[in-house]
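Take a look at the structures listed below.
One chain, chain A, appears in both complexes that follow, with chain B as partner in the first and chain C in the second.
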Partner chain A sequence: MNWRRALIAGAVAIPVLFFFAWGLTRDPGEIPSPLPGRAAPDFALEVFAPGEPPLARAVGDTVRASALKGRIVVLNFWASWCLACRDEHTILSQGARAYADQPVTFLGVLYNDEPRKGNAWIAEMGGQSYPSVNDPGARTAIEYGLYGVPETFFVNAEGRVVRKHTGPIPAAVLKGILDSLLAAPRAATTP
Partner chain B sequence: MMRRTLVALALAVAGAGAQAVPESLPPRADSALEARTSAVAAQLRCPVCQGVSIQDSPAELAQQMRGVVRDQLAAGRSPEEVKAYFISKYGEWILLEPEARGFNLLAYGLPALLIVVGLGVVAVVVRRNSARAPAPASAAVGVDEEP
Partner chain C sequence: MTRLIGLDALWLSLAVSLFGVLLVPAAIIRRRPEWLAWTRSAVYTNFALLTLAAGAMVYGLVAHDFSISYVAQVGSRATPLLFTVISLWGALEGSILFWAWVLAFYAAAVLWVNRDREGTLVPYASAVILAVAVFFGILLVGPANPFHLVSPVPPDGPGPNPLLQNHILMAVHPPLLYLGYVGLTVPFAFAVAAMLNGEVLQDHWVVLARRWTLVAWALLSAAIIAGMWWSYEVLGWGGYWAWDPVENASFMPWLTATAYLHSVMVQERRGLLRLWTLNLVVATFVLTILGTFLTRSGIVSSVHAFTQGTIGWYFLAFIGVVLVAALVLVAGNSDRLKSEGQLGGVISRDTVFLLNNLLLTAFTFTVLVGTLFPLVAEAARGVKVSVGEPFFNRMTLPICVALLFLMGVGPALPWRGVSNDEARSRLLPPAVGAALALVIALMSGVRMPYALLAWVSAGYAIAAVLREYQRGVGGRMRARGERWLVALVRLVRGNRRRYGGFLSHIGVFVVALAIATSSALRREHEQTLRPGESMSLAGFEIRLDKVSGREEPQRAVIGAAVTILRGGAVLRRMEPRMNFYPTQQSPVPTPDVRSTPAGDLYLTLMAFRPDGTTATIKAIHEPLVPWIWIGGMIVILGALVALWPTPARATEAAA
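And now, the complex of A and B:
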């Protein structure tokens, strides 16, 4: 009779343990975005931080997502009050320089912050190689389904979101994604 | 003359006040829009909170999302279309109550199923125990009778 009880207990416990184990492999803070694979939401946002040559854009210029088609876009949402943004700042700034001669555009989007504070933060961090735009009312952030900062979206040359990275982006991840995106069109044309 | 001037001034102020009142009060259409906004916002989860709707959350992002809900309703979108917009951006996670279809049915059906199974297990155990109960009683009688 005991073996029957053990069998029933096992039949109940094993699936429960399996689900617990599966749950441990997942990050509860990370909610999958429905955006990858879809067309990147369009925006028209004003530059408040120009960046540095050769990637600089004039303050007051309007950057439109639709105008970036044909280029790979690294869209990084950040804020001066965001501590984690400090961790990735150098990686992104150096990354933008490293890919300056490639069809890659880095763009910072200020999230729920003031441009004045954003510029002060950039100065404190020793500069930013690529420009940043302001997002009043977080309308673009909501269009991209933003949960918090930092979050980085990768848009391919066809204007589709291919990847979203939540939290500070490691240099290896940034390089890996960009290299694969840059290789993709070449791979497509190779017989 | 002075009194007449004061009266005229008072009337002018009162008139200005009377004109200001209708402007400060939201028109009826706005209050209806506000009610519809609240109804939709109460169904959408605040992304930067824990289990709170964007209607109840004071978080900046929640208030901004509420603004988007209001703007879309004002532009003529239906509540379902507004919800669909947020689902397209955040996934179904954004709904405080998942829609009762597909895999989501598990969330609605499983608790009821577990209650039924639990009650079944309790019923079986109680029946078995009550069936066994007379045996120890007769054994006890037997023990008493032995000496």
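And now, the complex of A and C:
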């Protein structure tokens, strides 16, 4: 073995590995969404899962985005067939309770699924504190440029989308975003 | 129950692989070479355990056991049985399980084929393969564990990705790809084993590595062709190659393996390029792992990319180990790998092979740069960019044309070199083929410069290769009075590698001409039609008859019934479709393709009114496309000819 040459060759690999390591900290799927900063697309969707008091809404009610102006809206797209939605279910359900006395509205949007299966799923998961609406034909999902489920959009009091989270949302991220929105309700338009 | 059997088998397999790897240093340190015999048991046991684990997963899929996380992720009661079984490789965890199983299979096959071989080469190589298996074992019990418990058990699952349950080729392409990709571990294992036991200058490992590379190369070639075919038949864009990172990941090791298959000939014949050849073996394996890393870790975005997770960090660690170990071993051995002679004259096969290797390496490097560039750009300038077809086409087309040309020159020239007169008499006649090809191409309407160059180069090369066959056959017919068919069969049998290789070259020419022509003469037209209306393309009249829908268990299907006419006569009825899967946002098209040797008519349903009053149809006419698949089969046939075991009698006669 020529150890000197071997060591030099081995050292060549180091910068390459650092480069890849850096690359791993990036998310190539995180293509800057054009939505943050813009007005949230309007929708009028029917409630199929009522949620629990004090956040409950009657089944059959129509929820309009325009009627939620002045409140911060957490719009969570989910489906009963989505495994990752199971991971974030408790975080969102508890999050909605924790912010129940603040001007924050949590809303689930059922994506490419049937309300019957959605309700069964909620029962299986031990209930959900906030209501969910159905999105027939995934029209609202398309308006919001949904990439997959779960995805969570944050709309500020002026009705602008301020943040979008792809994948199950961690409790700390949810809290961080909501607290910053509540602290600066007027200036929170940076993506 | 099934879940626990699978999970336990995975843990045991990891333990057994680790044991097999550690045997080698233990045997060396304690000076107990007889311990190496235990690697054999480790390899076979590992294969049995992984077969059990993969079997448990298939059983879980078929039995719809949704308590298994992987089944809950890709299974669905509505999915047809075949697609349920093959969803084993439809998502990340299952594909890693399948990978590990294929690797275990190769380890067992290598041992079985070489069971009578003495010495430390095969046990060392087995240990190297097991070391790779340890890595996959760690993935399988860690970040890619497919046997997690899902509780409470869901009643049904979403089913596999719709794109993966649309075509029978999904049952063919992935297994071939894994067999080819994973098979490239074997030559690497022999190379490392030879560097470890000091036999790197002997011929055993070279012969073993070459044979196993050829096996893996043939499978990888088949997989790439099948993948192109699948993409063409399923995706509805009328193309077969898009330079997507995943395609590049399979193509780069193919390029270096191809370079290796040529440089190893120089090594065997002339004792040259030893270090280079060794490097190609190592690079090929590193590229398979790098390709997997790029596509499984989510480091680059790709239409094929699997879900992301922590798995990228495991792959990074593994690449680090492989890269450092390989570089250290090769560099440490480089003194010993000096060439024994000198390259031949300028006009010699030696030179052509050297050029071929340089071009193939440059090709690999170009593809690698293009694949990694988005990452580099983000690191350097913080911008998101994507590198698309124009870059790759512009950079690689000249290389492709040069390679085609060399494939004609190489076989015509002897090793070491010839006099100028001799060279002229060998190199000039095939020019007739080039001229003929140019005329044919121009008459068929090809005008694109690169397509014309491809025709000319391939025409030259085909003529040169046919002339080699003709010289061989003619020689036998004169010398032994054989009939030409007998002479051809005996000629090929007498030198399978040479004539099998030539056959593969002919396959490559066919593929190259088909690709060049189909891209140069592609015509497409898109129009919205009402039932009864028609549009025309390339002499075909395409008439929309009806738009109708139907429900299938796992999807809803909308089809546009179309009649193809030519000169008023009905040629065929076609039905491009659009499939709606409940779990997918966008519909998945199913194009309809009418194939003839002259070319394909390719119809895709782009849009329709729900009331059936209009349908937008995209029609593409692509000449010679079927010849891509036929050429691919010729390439593989050539590899099979070269691989076919020489009967024992002939071996004795040769020895």
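Basically, the second predicted complex is superposed on the first by the 159 of 191 C-alpha atoms of A that agree within 3 Å, B and C clash if a C-alpha of one lies under 4 Å from a C-alpha of the other, contacts with A are read in each partner's own complex, and residues count from 1 in each chain.
Note that a residue touches a chain if its C-beta (ideal position, glycine included) is under 8 Å from a C-beta of that chain, and two chains touch if they have at least 3 such contacts.
Since the model is a prediction, treat every value here as computed from it, not as a measurement.
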item: Touched partner set for A:G137, first chain B, second chain C, both or neither; value: first
item: Touched partner set for A:R26, first chain B, second chain C, both or neither; value: second
item: Contacts of A:P34 with chain B and chain C, given as first, second, both or neither; value: first
item: Partner chain in contact with A:L17 - chain B first, chain C second, else both or neither; value: second
item: First (chain B), second (chain C), both or neither touched by A:N112; value: both
item: Touch count on chain A, higher of chain B and chain C; value: C
item: On chain A, the residue positions that both chain B and chain C contact, one per complex; value: 31-32, 112, 138, 141-142, 146, 148
item: Interface residues, chain B side, partner chain A - complex; value: 47-48, 60-61, 64-65, 67-68, 87-91, 93
item: Interface residues, chain A side, partner chain C - complex; value: 1-3, 5-10, 12-13, 16-17, 19-24, 26-29, 31-32, 79, 81-83, 111-113, 124, 138, 141-142, 146, 148
item: Sites on chain C touched by chain A in the complex; value: 69, 72-73, 150, 152, 156-158, 293, 297-301, 308, 312-313, 316, 319-320, 323-324, 327-335, 374-375, 378-379, 384, 582-585
item: Footprint of chain B on chain A - complex, ascending; value: 31-35, 112, 137-139, 141-148
